[in-house]
Amino acid sequence: MAEAATMQVSDEVAVTINNMNKWYGSFHVLRDINLTVNRGERIVICGPSGSGKSTLIRCINALEEHQKGSIEVDGTLLSSDLKNIDKIRSEVGMCFQHFNLFPHLTILENCTLAPIWVRKTPKKEAEEIAMHFLEKVKIPDQANKYPGQLSGGQQQRVAIARSLCMKPRIMLFDEPTSALDPEMIKEVLDTMIELAEEGMTMLCVTHEMGFARQVANRVIFMDEGQIVEQNEPEAFFNNPQSPRTQLFLSQILGH
Amino acid sequence: MANTEVSFVRTETLPPMAPPIGEQGIVKWLRENLFATPANGALTLVALYVIYVILSGSMPWIFNGVWNTSSLTECREVLDGTRGACFSVLTERWHQLIYGFKYPPDAYWRPNLTFVLMLVAIAPVLFFDLPRKMLIFTAIFPFLAYWLIWGGTIMTPIIALLGVVAGGFVYTRFVASNFAIGFFGAILAALVVWIIGGFMTPDTANENAMLQAVPSRDMGGYMLNLMLGVVCVSLSIPLGIALALGRQSDMPLIKWICVVFIEFVRGVPLITLLFVASVMLAYMFPPGTTTDLFLRVVIMITMFSAAYIAEVIRGGLAALPKGQYEAADSLGLDYPQAMRLIILPQALKISIPGIVNVAVGLFKDTTLVSVISMFDILGMIRGPILGGAAEWNGVYWELFLFACIIFFVVCYGISQYSQWLERRLATDHR
Amino acid sequence: MAILSDPPEGPFRLSMLLSDTRYRSLTLQAITALVLALCLAYLYRNISTNLQAQGLSLGFSFLQDPSGYDINQRLVEYTSQSTHARAALVGILNTLLVAVLACITATIFGVIAGVLRLSNNWLVSKLMAFYVEIFRNIPVLIWIIIIFTIMTNVMPTPRAFRGDAATSSMLFDLFAFTNRGVYIPGPGFSNPFFASVGMNWLLVIAVLVGSFFGARAIGTWATKIQEATGDRPTTWYMILGVWLLPVAILLTVMGLTWDIPALKGFNFTGGIKIGGPLIALWFALSIYTGAFIAENVRAGIQAVSKGQTEAAGALGLRPGRIMNLVVLPQALRVIIPPLISQYLNITKNSSLAIAVGYADITATLGGITLNQTGRAIECVLLLMLFYLTASLLISAFMNVYNASIKLKER
């Protein structure tokens, strides 16, 4: 796609995952994952439910632990050292399927919380940053409302703004649109596209194939905890190689 | 044209009509609510009879009551064989019922004032809409209340307050960088202030103090119930939070300490804990020290209610979606920050109705101290008033009725508050 | 959280004790253990010094000494020559007795009040709400003392039953309510199978247990028939027969007699005497806890949504069947767990017996024995141990029950 081509991908490496394995008890969720993400890359991960795609990106900011292999984010090895974990978490933003906004705080407080307590930003400055990003997601006028008073789409955009306030270098999206009504999906996707155009490194677990075609420069298909196929979107959608990918695509695009 | 025509358009609106007679007004209400079926009607009659028996027994007795005699014999004379209550026991022994029989009479205004101030202090905690600035008074209140009730030198509460302020200052100064430094630094700062203050206060300070010092063994009556209830519930909330968090911890040792404590305390009756306070705890303090019974009872009741409150808060913690923990983690907040800023504010809010229920139960249970010979309202009634002098020997019902009413008003009021809060939290968008 | 990217190389640094997830939790626990041990050692030192100062030592041999006090209300043989341990046993049995009695009556009160509170009869439901609120919001100790006062001050003396000008009379000539307690007819056997009275009653209970299984078997049989043919045979008369016939035959063969209380001199003799303290405790615990149970029952029935009843009705089930097959199974899941914790509360609250002089475990072991021997620590510990065991048994039972009824959900 024309737009995707204009977005620059540098040679600098943002995330490296080497031979990573994860088990829940004796269940092997992630099997031998190898993945390198360059700065500025926009990767869409898809696959049937239970294929481990959410678990994979949750491992990147240590929401889940992995048992074998290594993950390196921005040159920091994700190890058992708490300092490294904290560093990586403040560099990596994440958006969840159910937004997970803090319902007892206003939109503005949601956005300033982490900058104030983690980055030690002065309150005033943090609020300026927050307003900047709220404007960017087009809801500055809701800043003093509570999350429960907003629609789902608005909440998800706030969640994106909340992550951006930490000035992350990488953004993770865990099915950001699956809990939304159809008419709200577009507003969230537009925000994400805008973010991509600015060159943010993004890993998205999503089933929005239109979004993948338009924005992604790589699509990864996962099944049974393994990366089955990855390719540029054009080739991935038009000419899938693996039979499992073909079956999956026929199921989600078939109707 | 009629039969073949399927399309139909109404051109005029039918006016609403009144329902048939028997479906409206008081007749309908009676029929639906009292005499829906023959069995239901019989039930109504039985209920009416029960109400009649209760009222016909109690009303003449209450309205024929005598309010201003000084002994039972005098009261009987006034009643002159008719049925009536001797409420004069309440008026004559009012002070004993409320303050106990040893509290200095010229100091009765002190607990009264404390009670009024307590209502002011507690209001912003119970009603979120009140200005948050009132919480400053709530913070000062415990020290003020201690000084008012126990009297003695004003130095004690002031030094205590200074210690807390110093601790609070250190905490806010350092908590942003590291919770542990802030927390333990605050404790250290408070201790330093207290110890220095303790040296600075002269030993004789109590003797020429503005307010006469009253030892806690002189306190009794309903005041004692209220004091125990309020003090123990307030102290047990922080302890309960700590226990609930400890029980959720993934560190097995800490988890098991909390589980054992909670299950142990919940597994034994309060009265055995009061026995511990009255006969056992003295052995556990350092040799040579004496602590008064009030303090020992407060320690045990606090532990008791903390265990129950911990379980309520655990429920609140469990009710939070896992996503809240994950969102806090993913933003890079550490454990104390996540708990303080995200998890506890929400969990505590959900838990308030449960905590209030524990508080009501606990307040009722403060009557148990009469078993270990403290003279709370029940102790006063059973001890000095009924069992003491002969004046009022035999005036059971008036006294018990009074005790019932005075507990009912408070407990029912609090539980209505908790239900109101529950409804409000259910609709609250925040 | 132990994140294990293949362990980082490098030497062990002391700061890793706190900053490394592999060691952090161990460090914190070690500190906790240390603090705990210090506290316990401090307490131990205080206790032993204090005990030494008073010339006391810990030990349980005092339990074998003669108690030297009498207990009126008892289920097993006991005299003032018996040991303190025996007194404690009497106390335990009395605690269990009042707890079991109160659990049964509290359940009855609670279920009736809870169901009636949902009645569409306005007056009745208001009356029940009144009952619940009054009894829930006044301390149980006050109720115990009020009922005890009624028992001792309002009930007539046995003397009032005497002579031609008696001011009181026995109910149906069978029951006597006096200020010394309530006298009821006591059953006995003229032709017992065993010399020991207890054994005969055990036999009766065994027969009843047999009847229970018999009734269950009939139910299973009826279900089988229903599954095979579609028609459920009428079984109520068979079940009634299985329950009543065997026990009636047994009692007749053993020659059941009733020992009816009678006024002899200044007091009643014969029959069974239920002391005032027991009645006060039993009745007060029942109505107080009954109010709580009523709320549980109401909440349980309301928890079953109206849609369930409507759905069952739409399938063509009759109201009785709807209750049995749809509403009750769901409501009981909600009602029974809090009901069991109310039983736990009754057991714990029965310790208030000490306030009215009923000889339960708290009053014997924690009261008289403690005061006579001065063995405060040992007595209180044993007392707690008993209640703790009882509580743990009840909650273990509850956990098993909860696990067994848990709805299968995704």
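Couple of notes before you dig in:
The letters A, B and C name the chains in turn, as written, and every chain counts its residues from 1.
Heads up, the rule we're going with is that a contact is a pair of C-beta atoms (placed from the backbone, for glycine too) under 8 Å apart; a residue touches a chain by one contact, two chains touch by 3 or more.
The shown structure was predicted, so the numbers you read here are calculated from the model rather than taken from an experiment.
Between A-B and B-C, more C-beta contact pairs are found at B-C. Taking the mean of all protein Cα atoms as the centre, the chain whose own Cα mean lies nearest is B. Mean C-alpha position of chain A lies 56 Å from that of chain C.
If you average the CA atoms of chain A and of chain B, the two centres end up 48 Å from each other. One finds 27 Å separating the Cα centroids of chain B and chain C. Of all residues in chain A, those touching 2 or more other chains are 62, listed in ascending order. Interface residues of chain B facing chain C in the complex, by the touch rule stated above, are 32-34, 36, 40, 43-44, 47-48, 50-51, 250-254, 257, 263-264, 266-272, 275-276, 279-280, 282-287, 360, 364-365, 367-368, 370-371, 378, 382, 394, 396, 400, 403-404, 407-408, 411-412, 415.
Residues 62, 65-72, 77-83, 85 of chain A touch chain C in their complex.
Considering their complex, residues 61-63, 86, 89-90, 92-94, 96, 98-104, 113-114, 117-118, 120, 146, 148-149, 162-163, 166 of chain A touch chain B. Chain C contributes residues 25, 28-29, 32-33, 36, 43, 46-47, 49-51, 53, 116, 119-124, 127, 133-134, 136-142, 145-146, 149, 153, 348-349, 351-352, 354-355, 362, 366, 370, 376-377, 380, 383-384, 387-388, 391-392, 395 to its touches with chain B in the complex.
Against chain A, in their complex, chain C makes its touches with residues 1-8, 16, 19-22, 24.
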